[in-house]
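Next come two complexes built around chain A: one with chain B, the other with chain C.
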Partner chain A sequence: MRTPWRLVPRHLRAHWVRTGLTAAAMMVAVFLLCFLMSIVTVLEKAVSESSANRVVPQSAVSLFVELPLDYHGKIAAVPGVENVAKFQWFGGYYRTPEDFFAQFAVSHEVFFDMYERDMRLVEGPNGPVGASGLSADEVSAQVIQAMSDNRRAAIVGQGLIRDFEWKVGDLIPMQSVFVPKADGSAWEFEVVGVYEPLKANFDDRTMFFRWDYYEETCNNAGDMPATGVGTYSVTIEEGYESGEVAARIDALFANGPQRTWTPTEAVFQATFVAMLGNVPLFVSTIGGAVAFAIFFSVVNTMLMAARQRSSEAGILKALGFRNGVMGRLMLAESILLSLVGGGLGVSLAIATQEPFRQMLGAMLPQYAVLNETAMIALGVSLLIGVIAGIGPAVTLSRLKVTDALRSEG
Partner chain B sequence: MSHMINVDNVTKRYERGGEVLTVLDNLCLTVDQGDFVSLMGPSGSGKTTILNCVGGIDTVDAGTITVNGEDVTTMPQRRLPDWRAQNIGFVFQSFNLVPVLTAMENVILPLQLTPLSRKERKAQAIFALEIVGLADRMGHRPSQLSGGQEQRVAIARAIATDPAVILADEPTGDLDRENANAIMELLQRLNTELGKTIVVVTHDHVAAEMTKRILHLDKGVLERTEVMGTAAAGASAGAASGTAAS
Partner chain C sequence: MALPINYSVRNISVRWASSLFTALGIAMTVAVFAGVISLQEGFEQLYRERGRPDVAIYLRPGANSEGESAFSRERANILLKERPEIAVDAQGHPLAAAETFLAAYMEQVIGGNTNVPLRGIQPASIALQGDALQLVEGRWLEFGTDEVVVGQPVSERMVDCALGDTLVLNMTPFKVVGVFTHAGAEGGEVWGDAERMLEALDRSYFQRVIARLKPGTDIETVAAELEDDARVPAKVLSEVEYLAAQTTYLSGVLEGLAMILTVIMGVAAVLGSMNTMLASVGARTHEIGVLLAVGYSRFSIFMAFLIESAFIGALGGALGVLIVLPFDGLQTGLMNWNTFTDVSFAFTITPKLIMTSFVIAFVLGIVGGTLPAARAAALKPVEAFRAA
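Right after this comes the complex of A and B.
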């Protein structure tokens, strides 16, 4: 069946104000949809990409209650435990409280082995990978060596390097909210390496530094000695079940002095997401409402277009075009309009990833519009186009030639 | 001479507000091949309805209509569009050009339904526009043309596919006298030079007198026939007695 497809872009261009306004509305809606969906997918991805063979013992009372330091050795002795690292939230800030990012004191001796699949070191004291023929292994070895040689050593993510224009070798002064130094001076860290995250659950705006530097500085401060640790991170030996080992750890401390709760890393991440409330539901509701509202806008546009197109439908039918032709033209117009608006919205969402990532800061450092999010948004645009166009398309298809020719178009 | 159009005992009724109106009442008429006929009559006499039925864009309740030997009234709905594309050229009162297309694109529209190549379609459209004297306006949109020019484009579109019959519904209704005459002269030329069978519905006596015969309808029946260019106007006793054919 022949269809004069050229009518589709011609009509959209002919009513450019209406087309532009509808496409703009669609663009804003799809942009919002992408933004909201990205928040959810980033949060979910952080959970789904968490390591299956790591568990995170923490106080059964609250994350804010520290676990005793001697738990380290006891956990390490549990059958099935391969490695244990202390993880202590530092809670400091660089320059001003607005320059906030995450910092952790970690057991650097095991940290790099435990997280080798989550991140890779891309720059060390002698330069980045590739410079002067440095291989990735050589850079890693140099960073690990620098960490063990220098008590103030720290590694930072690429995001911090980008945001604060740091470089390897810089001394970074940090003020700590929780453990300020007795003399009020800043903590100092020396950047010895830069990492690149390999997974969504590992953000690129975090600093990791040595636990012993933290412990020593706290103890020297006098009034805030390091008597415990926030959480431990435990890798499970091959052949053991995470749940089984976690149960053993919890059983070991069932009678105190601090009872533990040992979730898998995925559950641990999920509790953080849960702290924000039911974000997925909240965000999905807003996203759905936005899509629904814009659907009516497109429907309205297409109904107006269909009414104006009645006479044209009559002409085409009188000339010998079949009933379905007008329907197809109408549907194509609706789909094209929705896809143009939706495509612009997706493009805008992708183009504004970086500013949004910076704006969301430490809250969602891995904010990104994933390919699947873009595809879903385009799919929603397509669906809106189809549903909005189908009614007017059927109406025009069914219109009798004589009625159509009588109508004013 | 063979009948190009044969309307045989056609009845058409409409229901409006619960009342049944008989628009065509056992109407009989014929139009020969190469004829140029106008249909006249008061509003509601069934002129446009019979034109639409002949063109296959409206249906009848009873009777048969054959055009170029094919029975339009029993033709399956699925076949009608193709049949229309091949056999009928429509010209409407309000020109009915597609406003977003140029004159050339409007004329090409029905040619898209033919097996012609893109190049052939373009050549055919230019030829049709040349016939109506608007080849120099082929890139103009309808809004850039005068009423008379728009109607000439509509006529070019009607003849582009070389149909057997041209059906024109009030082609001069929206035009001033000068343009109306020009359009009727153009239709005359198409009839005499290209041998097209043309049926025109009109209220305009001047326009009607430019055709070969005038069929006067009233209340859905053929009241009388005027043969132009002859002193005698053949009066018909009505549809029952037969045809309007000379």
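Right after this comes the complex of A and C.
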């Protein structure tokens, strides 16, 4: 006789409280598993999506040592260098230090060219793309024009617009911890454009403003003059190898006054991930503990189910079903239960992606539950269902009809 | 009449497999909680309780850590020489030092770069640390020369940092002449003459001034006075406050993580134990009918099942603590985001943490058991009797 598969959902429904509790436990745990895995994959993603044709000359000594301003011209003269931009971490805050986001002073003249593949300008002084027939190119041109017309001009990511409810045209006062003004007053920036990231490693909560405004304000009104450049960003001319160009830059400053280290953008990002040290390991360990906890919970349920099922197994056998039938039903029940619980967990993780991204804020602005993460979580659920079901399934299959019928569950 | 506790304990052993799996679910929850908190505890111990109330740290206004702070030489000198609250030694020199601080790249012996703090010190710096600081190998550095002393973990974990090695900072070779230990995070630093460090690193600013205060100095008054000072605006903190401010980010993240994980895993564990207890009640429906019939009160039945569940919780707590106990004392390293440097410390499991873990496990057991126990207590004797 064929296996009566329709008994599987019936069994689950017959003990709906137990099924519900197990599925709920599974859902919560798989959700947590997705969350933890997403943290690790997002960190890795930042490295793999970095631009291969950009290198980042910086101090070989420390992330916090600046390079001299006159390196700009020297780097630009290196064969194979297409464009050079200065980058400086501003370290400011809006309203309170807790409202953390990144701000960089950049060489605005070349910045938009160098980063056109990383972000897209979606709103300018005359409105967003699409409004009153504005094309993407027109908006870009208007933002770039506004940037060069206005010393205090800044562009900000969509995330900042959303979180602080800023608008294009707003004047943003900011205090800086690193380069405070001598009189203690706030720096002021005017939002002239909004960008949308095109790559997973490009933050949507960053503000970019003009290098010359930074330098002059430091020198004229700052507590201390601008002494250098945090990092340079260099695009490589077509036909040149980024490793060779980087080596040429480093060789140029091998005798000081500041030695440079010129990693590709991917290596630079990887050092930030490496700085997290054991964090990915810890997160993975916790993920493993969570997976075990769910496993125990499902095994427990299946054991309970198997206990109640033995007299039924006897009846099925007495009716003429073959030996393995009850075992197969048991395994199917375990797998179905795990997949339902796991599926709900994955759905919950995907549904809560946005609030979690906001909660993690600046710590992990690219938080997202990727498809591969969801697939792995479902795979883990399936595996748990199989393993948890095998033990009881084998026991049930081996039961003798007489013993099975005698037991009372 | 109350049911003997033995009744609940026996039930656990009769259904041992279910009880064990439920306890393991709770154990995992507790283990994750205890693991993350022991990490935080080890990190905090580097900073907490080390601060001295009569040692003051002077930073630039707005700065919370050395990395964010800066004093020009002129301003640092004013603080060092002119502040009346700073104590003096037997020779009449102020017990104060201007120090530089830089998180610098260093290569680990096991490979890969990490950020190690380079501290430029002045002669008073060593005396100011008191007994917390001990030289364990070699000698202290000679001021005015290119020599450094390194903390013991740095000496072991970083390339070119063993006694006798030469450590190149930017372009300048420094000789490692001593190895020290320090009970606090300073134990993971590299120390050299501040003037030589500034020169080698092509920098011109000091990061902080550290000073011992005269007895009876009210630090609040000094802080208020210097906050808006025209010549040297400064933020003045006692060492206690200063060190407490160095752990905020990482500690907060670890605490938040422990909380989120415990709540989510706790929910799953409670659902699991509810399942087990419902099955336990279901299998004993007939028995409960008997108990009710012979005169046991509903409350005693409720308690019997609640105790059973609490026992499973306690068992889970014990297993959970057993899982994390081997981690105690295990050295690890994490980035301290306040100072942007790598700090090494050990998982630290305190008696208090063990207690807390037990309480959590116990509570999870009780929460999971309440509903099934209530269900058992609400059974009607006649119907329960009838059940198989």
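Everything that follows uses one rule, which is that the second predicted complex is superposed on the first by the 406 of 409 C-alpha atoms of A that agree within 3 Å, B and C clash if a C-alpha of one lies under 4 Å from a C-alpha of the other, contacts with A are read in each partner's own complex, and residues count from 1 in each chain.
Note that a contact is a pair of C-beta atoms (placed from the backbone, for glycine too) under 8 Å apart; a residue touches a chain by one contact, two chains touch by 3 or more.
Computed from a predicted structure; not experimentally measured.
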Which of chain B and chain C A:355 touches, first, second, both or neither: neither
First, second, both or neither for A:133, with chain B first and chain C second: neither
Which partner, chain B or chain C, touches more chain A residues: C
Partner chain in contact with A:79 - chain B first, chain C second, else both or neither: neither
First (chain B), second (chain C), both or neither touched by A:2: first
Which of chain B and chain C A:294 touches, first, second, both or neither: second
Residues of chain A contacting chain B in one complex and chain C in the other: none
In the complex with chain A, residue positions of chain B that touch it: 52, 55, 57-58, 81-86, 90, 92, 96-101, 105, 109-110, 112-113, 157
Contact set on chain A toward chain C in their complex: 17-18, 21-22, 24-26, 28-29, 31-32, 60-65, 91, 175, 177-178, 180, 184, 223-224, 227, 255-259, 261, 271, 274-279, 282, 285-286, 289-290, 292-294, 296-297, 299-301, 303-304, 363, 408-409
Of all residues in chain C, those that touch chain A in their complex: 17-18, 21-22, 24-25, 28-29, 31-32, 35-36, 39, 60-64, 67-68, 70, 72, 102-105, 112-115, 118, 169-171, 201-205, 253, 261, 264-265, 267-269, 271-272, 274-276, 278-279, 283, 332-335, 340, 342, 388
In the complex, chain A residues that touch chain B: 2, 4, 6-7, 10-11, 13-14, 311-312, 314-323, 401-402, 405
